[in-house]
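The structure appears right after this line, and notes come after that.
For reference, chains read A, B, C, D and E in written order, and residue numbers begin at 1 within each chain.
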């Protein structure tokens, strides 16, 4: 597995963030973030609550705007130009903590909505793609149900499939398992691991340390809006450098 | 019976209009005054010996009959027209007529209309639930001209609409028109059209079925009319009582015979009724007569001896 | 909670009526029924006694008798010689008319205000909040009176348009706003006008057809046609074209001051306008709150998820937010419609001839048939409300979100 | 394992970055205006339009209001003072102040009585509205209806006194017996109260009539805003217990009871209040025994109470439905009977959930009390439309009067709805 | 412990169920249930979801009515007579999966409510009893708090104390631990074990096999509304007879 981790990382840069700053009103949430993600890399972000992890990844697909610095995704610079935002969003898939499936649409419709309206894929084709990804997350038989009829784990897998249907080159996950019951976490993590093995570029906010160890190329620790430490998982977990990181790890691993 | 209720209550509940100057309207002190009000006071004086023992209950054209039928009021004295169906179908008893009237139209002078027949296409304000409303329909239909009714509930509203020009003409009983016009800032800008399109004998009424109570009210009204005929006024009544040689006056004043007992009251009942606001003539003059802003002539409402229609049956 | 064992063959005791679950519920229901019957009997016998004492009887024959009064707004043939029943029909139609009109405008006001209350423009937001609070917290009756007063006192009388130097003039020579109502031009149907109307109807169908086609095309081939401008074009162009080809068969009749009033054109009476406007703006405030609540009920996560999928704001609204918000908005919206219908009975305040004013007002007064009229009135409103709530139940059941 | 990237990315921040102020000194009012008023072009246009609307409204009303006349004695007087300039004639409010508040028949020397009752209303309502106040105050709330009745209607004090004693005795009996059996306690309580009332009534008639008393005021002499307040407060309080009973009935497993309640509720809710008031006005009298003399005020109270009870029942039904089934089952399994589980477990919770809904109904009902003017009761609107606008002095003064009436309702209704929102927030955060 | 298990079982019959049948509409939930529980016995019922376990124990205290057969609790026949139902309910305590505490009452009030209103115990006395049982479940210090302020485990213990305050002779538990977090399960099980050691007659629906092994005299396996197998715990777990039982045990033990 360790081999798999390294294998697919290429030199090509997928995301590059330089001196990015963001404020909410006068509150400085993100401070001088510098981050370069290569194609095929899997990055796990962790850190205490309120440290700006969500904000960071939401900035990457322009759900939040940043006020200073530069974000470049797949060669496209994120500016207030709507075209660029659209371009970036269709290359970046995102998975939310609370799935945010559309409850008035069936699973299949959830998955085909964006391909049809954004990518202008014909409906037939979109459905085939959707079924393909639903099979991948192992719930093709639920395609005609509504989200409310599925369990949490199944819903999160649908959410992943829905993103994949847009064939993104990068996936962002914001605590995808933290709203799930323990049994369901595994289902979802398995799906994510599979994705990782296929070489998808991923940034994942999570506190599942097992997952980080197994999948990540790099673990980033954030606190107070800054990247405090980043390193390979082994090094990060076994020899954290910064005292803040040590404190944090002692808490979550002890728990 | 109504008489017992009234006595037990110590007050007479009398239905009047919501406000029509000269006929029934509260003055600045909140005391009700007017031609119809006087009838109520006379009855109260006769029955309860106190002309102020009256509760005035304002009613609209719509609510007056329910108020009477449901027993909320004992007596309705509200320029109400005596008609067949009200007397029979609605089960009321009209106990007489205190004002012989007819329906007229009021228009602004500036409109340049001189006859009701010229009103083709006009917008007409009319109180709903009244005979006025029905007469109006009949009149325009008979003359084959059209109009647009604006139904309103109270005289005050009618006045407001009329003055605002929301209707071209206001129609109701001629007396009501005169009274309304009298309250205008410039009464001279408005005229009453010559046509009187209906007969409107206005009188007090009570519920059907309690004839004793009906008799009391009927004869109180008659006493007021007879008093004028016999020359009894609130000023000279004491003297008349003492010195009269006319047996009818004596019977009325209770010094002879026992008329009062026959209707379940004491001997002095009619004396008190007359003293309350004066005899019919006094009441008329004080509230709506030619000396007042309303300025109505006696006309049909003169005593029969003067060629009018007022004719009180004998007290005997 | 009832429990049955195998029929124990125990003999029936009186106490079982109270303490045995099998009989207890029957006992209770018999008591309830008994009380109900007693109450009805009490009320009924009082009614009979009172009616007898007053010498009245209950009879509906007055419905056939001539009404004797005129009505200022009649959408069906009516004269003062028509029957009271016909007058009631006039009233019913007027009630339905004002309720229908007010429902439409109230929805428009409500949706606009509700959406603007969520605007990110502070001033507009606050302005709408003030509108909603002011109108919600003052009785509708006062609003009706105020607006009717504005209508009658603040707009010019028809004679202000008269004379050498009129104080008021018609707007564009086609619209007159007077204190008796608003006068607008009426169409005059010349020969061939039916063709234009037919074209117009067809183009409306055409718009829908085009939109369906566009969606289908998108689904089939992924080609997205523009919809807005073509829709507008389909809506207007053919009709205009046919209109001129047929030689302008539809003319306009302009209202003009003749005699006492404006004649010709379409007249919308002041009572109707006042009632219509007052009901709309009052209920609009409530609908605004429903709309706002509905939109807010769709969590932010939904639009974020849609945005993250690359959907544009307009599409997010149409495809994700609105379908969900509507489920929340429509049930209270329908009860607001019901409220409008019920509040339209306040028509008597402005002299609008709705059912309450004709059957429950003038007819009641002129015939004295209070019990009969009020009963019929209640039956009418009951039928309306039951129909609407029946429809609402069907809607609710059809849109229930599927749950586990 | 030629790990090219991990090497280069290993990174530790030695010194924490301090927070800095946001860029562009636009954090103050300028930023606020930019984000809140002029964020986009359409937005800016909207702002300007809104500002213009506000300007129009203010320009139309402000001079008129500021120039208002407060001391003239009639519209003519106002016109003289104004002398052609535009201005409001608020004098009508000062001159008819008492009539607007109390109607035109309430004896003016007795105005202190309803005023006092009104002030005490706040004291009585406080412990109900704010749970933090000492529970002892509830005693005053219990006494208040009798006190208020006496203050407003006057008459001998023995009537409210006997009524109060009846209630106390009834409650005492109920309290005694309720532990044994709710129905027994309930009906014995009512019976005991009825006995006390009956005996007391007879005694009053025999001996005490005319003893310590205040001048008696007939119901029809009540009017003005006082009438609205009285109708609102009375009808809402009376309709609460009826609403609870109807809601329970509608949830009942007994089909007959359920049907009766459903029919009643749907019937009342399907009909406009106006027609119910017509019923009160023209029909209801026929349903009482001849000569029972139920006056119009009472009939109106009956109808409005039934009206609001039906609506409140639906709100409470919502509250009942929101309770998890487990609560009912837990109560059952502890051996509580139906009355006990309702009284001790279900209703306290259901009512709490329903409070905001009930408050909304109450606001709506309070506004609807103006409808009584249609059947010629002289509430504030009836006063304005009737005696005041009909009087020669003030005919034509519409805006001032309607604004005043609207303002009164706005104050009360807005106040109540703010309270309800406060309550909702509080109930939401209440971790109990 | 095994000794303790046997010791307190007496010959006296606490609950006897004969040929009991129940239908929901036309759905036959319970079929010919025969079960005799002796005083002091501890019975664990297990079985797949929907097999009718809850329904069975809810029938015992008349939360559901049964349509055929006979239930006798402590010598009282469960009939439609309300007096009998009341009698049985006050002898039988019940603990629900979701505790069903009354959120508007304090813990103490929760516990004294039924004694005061059903048993007519004076309030003082009822409070003393309540404190006694709250001490027993080790949370006397929470007496004045509201249920919402307690953790799930504490709430379930309050629920047990609440039942005990009625001094029932029999306790029914319906999956008392399945709504709890793992850490809290132990607290509750300990309390139940203590009760068992005191000789309380107990019927418990649970899948906590450790508990069953340690405490139960008998384990009953239900499926499709029938009692499929019953036996002593050791025998039941080690040598299940019926293939259905074997299948079921393999699933839950494997899990």
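One rule holds in what follows: a contact is a pair of C-beta atoms (placed from the backbone, for glycine too) under 8 Å apart; a residue touches a chain by one contact, two chains touch by 3 or more.
From a predicted model like this one, the values you see are computed outputs, not experimental measurements.
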item	value
Intersection of the contact lists for subunit C and subunit E	D
Rotational angle, Cα trace of subunit A fitted to subunit E, multiple of 5°	165
Chain whose mean Cα position lies farthest from subunit B	A
Two chains sharing the most C-beta contacts	C-D
Most centrally placed chain, judged by C-alpha centres	D
Separation of mean Cα positions, subunit E and subunit D [Å, integer]	48
CA centroid of subunit A to CA centroid of subunit B, Å	89
Subunit B-subunit C separation of Cα centroids, rounded to whole Å	44
Multi-chain contact residues (two or more partners), subunit D	282, 285, 332, 385
Multi-partner residues of subunit B (each touching 2 or more other chains)	66, 160
Chain-chain contacts as defined at top	A-C, A-D, B-C, B-D, C-D, C-E, D-E
For the subunit A and subunit C complex, residues of the former touching the latter	61, 63, 86, 89-90, 92-94, 96, 98, 100-104, 113-114, 116-125, 145-146, 148-151, 159, 162-163, 166
Subunit D partner contacts - residues on subunit A that touch it in the complex	2-3, 6, 9, 11, 21, 23, 25-28, 31-32, 36, 38, 41, 67-68, 217-218, 224-232, 235, 241-242
Subunit D-touching residues of subunit C, taken from the complex the two chains share	1, 25, 28-29, 32-33, 36, 43, 46-47, 49-51, 53, 119-124, 127, 133-134, 136-142, 145-146, 149, 153, 342-343, 345-346, 348-349, 356, 360, 364, 370-371, 374, 377-378, 381-382, 384-386
Complex interface listing, subunit C residues touching subunit B	53-56, 68-72, 79-81, 152-153, 156-160, 179-180, 258-261, 263, 270, 348, 351, 353, 357, 361-362, 364-368, 370
Residues of subunit D touching subunit C in the complex	35-37, 39, 43, 46-47, 50-51, 53-54, 253-257, 260, 266-267, 269-275, 278-279, 282-283, 285-290, 332, 363, 367-368, 370-371, 373-374, 381, 385, 398-399, 402, 405-406, 409-410, 413-414, 417
